[in-house]
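Can you read through this structure? Questions will come right after.
Chain naming follows the written order as A, B, C, D, E and F, and within any one chain the residues start at number 1.
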């Protein structure tokens, strides 16, 4: 078993880097190639939607829960969706117990922004009664196995969970909230299918979907969320810099790669449509 | 003064154990004998019920407070009672400052379950108005001196506190909650008088009511709550095992010993009956 | 730059002390002399009142925020004002990150009591509707630079902030809370202008307004809040004692010195009177 | 709020045909699936589905103790961290670990420690992380059972496995393997674990009401069920090794 | 919620006969009971009933400092932890220590430190735990008084005892030893402590309104009352030793 | 509650005369004021007013790392603590640091680290404390800009300064330096920072919607604006030294 907590040696970094210079990865991939995604949806009986997604050996199980609350005054007919992530110490010796650290905050935030700014959720469908009652969704991601690139795994996991949603439909009747017996589903809620693509940078080499050994020697990363035709969110992280030309190139790459990935994953197959 | 934080030596363990093998205790008791209980009730003026209970040198002061809240939807006409325990660092160098540790959670939980599953409190008497207002009771135990067997001391302390209860009686009138000037008392509230009996185990020897030196060398404990004729709760703790025959024997012992103890303590004398 | 975290040497203490014995201070002041106050008010656009106050090099920026809440049952027509203080690690290597420590609690408490017991705020003006809605004020002090005597700086900062207040005026109409478009201001709210005076003690020498080097060698301090003619609050701190005659003398001094300071500061100039 | 729609307990916990609501006989277990080696970075790991319960366990150790002052000079320590995912229960659980999770962690730890030889590992710790991602009654028993598998997968010397199950009373009848609804609406609940090296009880709790005869019967039916669980544990450990032999280094998921 | 029934303060704090609501004269103390050695495992301990206040204090030390970085190379440190039981006040207090408890801990610590010879104990700590199980006004003074007894019971060298009391103003009159109701409904409150070795003030707080003449009178009546408290402390320490002589090793409760 | 009166966003973010609501042109910056050396006890400090933003930054270091285990044997570490005063925003912020503050701390840290020579300071730390006392959009950019000044004021060797700004899209038009209202009611927001030693991007975030052409234009207008900010930073550092030359040792406020 790999001891991921070791200090990554300069030799190892050089090994990874010299491969990258030849446009080769330590796991045999090309620079712009994803590891294999595999997806199962609606696996958690207690959740109102869920997904079990692996990318290579990275695995995230996400579940959807809800509460009913009053809407924000400035958005009186829109529900709310919050995203949380936990990097379980079960998953990796790199993760520690305790309150959410910077890495889990980043995972939750980047996935959240990828969803939010792509108009992924039709938040008006989450309104039960204007000014009075809306759904508050909780999209909670748990990292079960960590082999690098949590963000892209989390992004697919979040979208799949939303597609698999089945929320009991409520109305405000004379005696307050009543349940109709029907369901609000992914079919009703999901508008757009944003994907988030994360690139690592070592020295001056940039590449897609860093695995864990690569991540441990990366100087920086950049995550770009895209819909079919637009960039909707960017997050640069790590103590490195990117040239302006790099950024332009990555914007272009992201739109190209995501179009291919979108077809392969065919996420709409995970839509729940029970009513 | 005994430094309880010392590492208990093997010699000392052997001394306690060799005595136990002869069915003798270091304080002269037999295997199935309790230390002396002494009880004072309603000692805390600020509380709506209280008890100051010692078992040997172990001393717990428990107080009852209340709030008014809305009942749980599935139990619309029942009040609620929560139990908390604090192992004060005042009481022993073994207790540390900070949030409740495992030992205090265990004390609260075992005492709580002893009460809850014996139908000790008539929770329907704690209803002020169905679906709207019920009493929420807080039964808070503070350990003032620690000489072993907090659980049995806490159990007697909790029951005595409930018996000594005097809650202002509320009704829901036209202007909301009003106080009648009368009181709900232990007389109204208490149904059953469960007792909890705790046994220690060292090697293959089992004995009642471990004192602190015994507890420090114990490999495990088991607490059994009983009403007059039934077992209502069991909690095994510590990294040891009990044979199935041991368990059967302890069930029988607990019913026998508790019947005797119940007579001796005569807890009903602490019932408050002011109205 | 002075490394304030050094252990203050006996030599330095003796130097400060021998000066004090000659009624001289290391910064040239007399025993009963304040450093220079400078005050700016209403500097924070996001706050409903603010002050930026320096005393020597000690600087505190205070802001006022509000919320609307229900009043306490026993004071159905009075609003509430809470005071908080943060000793920012930005300001001094002596301040550490984390939850409020004893020193920040003390700063907040002494300033709060100075205001509260002098009837500084007309809390009945903070009532929107009896029993239903009152203003809850938050007066939050941030220490930006620390050169000793936070309390007196905080006291002037708190009063100035209250004088500069401009709270949107609310009324309870048929549809709940409505805003009139007018403002409640310092003109309406502030009744009295209490000042708090802090004295240090080294050996048997007592002196006003300790600066940081003096504070670091002080054995104790005493803070006295006064209105024009009365003492309204006292707080002794530190592991030292004061003679009864000292206390009487300091009471007298405080009334004298504060009268002079009150004229010099002319705090009423900071009153906001927009309506 | 969700309470409103779901927490209506059925009046009866048996169907007209005498079977339990999920179609089981009195002494019938829910479907169980066990798998070892599911978490790549752990020293040992296992996954368990038990009815609707879904539980992961990972073992790390022997390793350095953090914080250091918890280390014991004469033996290793065992630390169990039982956690539930927020979405594993009907009403979303708050993310921070609660009292209940701390309590169950302690219970599971007490129950696993007797099977280990901690005296062989002075100054170190074994840490077992348990994550319940879906809960439906009996999670402490499922957790104990899957944690024992993870320990075995880690190759840590053990006296034996330990197996756990909850028996209980519903509508007055004694049954094995309480489901979530049976646990909540039933009359009594008795989780129990057996360490097989001495066939003694290492976890025992009870809440409800029983006389001595009932207790005896509970212990009897529990022991039968626990034997079945034990067999499944042994098979799952074996079949993993078989798998490993067929395709060295491959791991199933 | 409980507020509704109890917190109606009386309009007057004096009865028609000129006495205070509890029947006391202006300068009369509430009933006081002191006992030392009540907590077996502590290095020193004491219990105080003062009106309806009931307060325990226990001293541990000199002992190792936790956490270590708080230790001082040239002297011992004193740490006071004042806590109130949840049920000690009218509205149940939240279990976690609040700001008020931290503040009073600091005040009591500042007030006790002058009587100790901390320079004799470099690198160590004395810890005083104070638990108020019933509160009725003046708990910081009661805590100071009982903590001094606990220190003496521990046999720790002290320059003298320290005694504390709250004087105040109710309905315009100056009185000693404010009760809870007098504290809340009164006009002014002045807790004060005297260290007897130098007869100086080691605790002083004031909230209310007073001119210089009133201050002088407050200090005078406080000093008289404090002398009485001091006598009681001395007697309680003596009578414990006497008890110990009569039945060596026995401890009363 | 305050939400009710203020959070009504305007329907349009441009005035009839084509200017922005605060009278600015598309590519016009808000008024900016920079000052260095404002916090006496810090190793370096700076203050920045940028529109209604008011931000202090202080640098401490190189100094010992607390807690020790964070220290790295082969290099220094940089720790940034970005905080907002409770009163700096419309709805009072809770006093404890929130997730957003931790997130921005990390972003600012990532953005400053490339300009430092941390490998020269093994085992030590640099700590940058940033306090936003008034906020009006773009605080992460303002914080980055002022923190760079504070580092320079501390005399710490740097490869270059770093400058930051937010560009964005409002009512469909690309503009520089979003104000608070433009940030909230606008369509897109792109905070960006440039390290001048290599003219590369060290902070980049985006939220909104853009195609590739729009991205190119955003990067262009940002670079122009960043050059202006950089000039101001250089002047403010110089003018401080000038001031220091005129009156050695004096510090302005």
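Going forward, a contact is a pair of C-beta atoms (placed from the backbone, for glycine too) under 8 Å apart; a residue touches a chain by one contact, two chains touch by 3 or more.
Just so it is clear, the model here is predicted, and its values are computed rather than measured.
J.: Through how few touching steps can subunit A be joined to subunit B?
T.: 2
J.: Where the contacts of subunit A and subunit C overlap, which chains show up?
T.: Looking at subunit C and subunit A together, the chains touching each of them are F.
J.: Among the chains, which is located farthest from subunit B on the basis of C-alpha centroids?
T.: F
J.: Roughly how far is subunit B from subunit F, going centre to centre by Cα mean, in whole Å?
T.: Roughly 58 Å, centre to centre.
J.: What is the distance in Å between the mean C-alpha positions of subunit B and subunit C?
T.: Each chain's C-alpha centroid was found; their separation is 48 Å.
J.: Where the CA atoms of subunit B average out and where those of subunit E average out, how many Å apart are those spots?
T.: 31
J.: Could you tell me which residues belong to subunit E and also touch two or more other chains?
T.: 4
J.: For subunit B, give me the residues that contact two or more of the other chains.
T.: Answer for subunit B, listing residues that touch two or more other chains: 100.
J.: Chain adjacency by touch: line, ring, star, complete or other shape?
T.: ring
J.: Starting at subunit B, then subunit E, how do the chains run round the ring?
T.: Beginning with subunit B, then subunit E, the ring reads B, E, C, F, A, D.
J.: Residues of subunit C touching subunit E in their complex?
T.: Per the stated touch rule, the residues are 72-74, 100, 102, 105-106, 109, 113, 116-118, 220, 222, 227, 229-244, 247-248, 251-252, 255.
J.: Please name which positions on subunit F make contact with subunit A in the complex.
T.: Listed in rising order, the residues are 3-4, 7-9, 99, 102-103, 106-107, 109-110, 113-114, 190, 195, 198-212, 215-216, 219, 223.
J.: Can you name the residues of subunit A that touch subunit D in the complex?
T.: It is residues 1-2, 4, 43-47, 50, 54, 57, 61, 63-68, 84, 86, 88-94, 97, 99-100, 138, 140, 142, 144-147, 168, 177, 179 of subunit A that touch subunit D.
J.: For subunit D, which residues are in contact with subunit A within the complex?
T.: 1-2, 4-5, 38-43, 52, 54, 56-58, 60, 81, 83, 85-90, 92, 95-96, 127, 129-131, 133-136, 253
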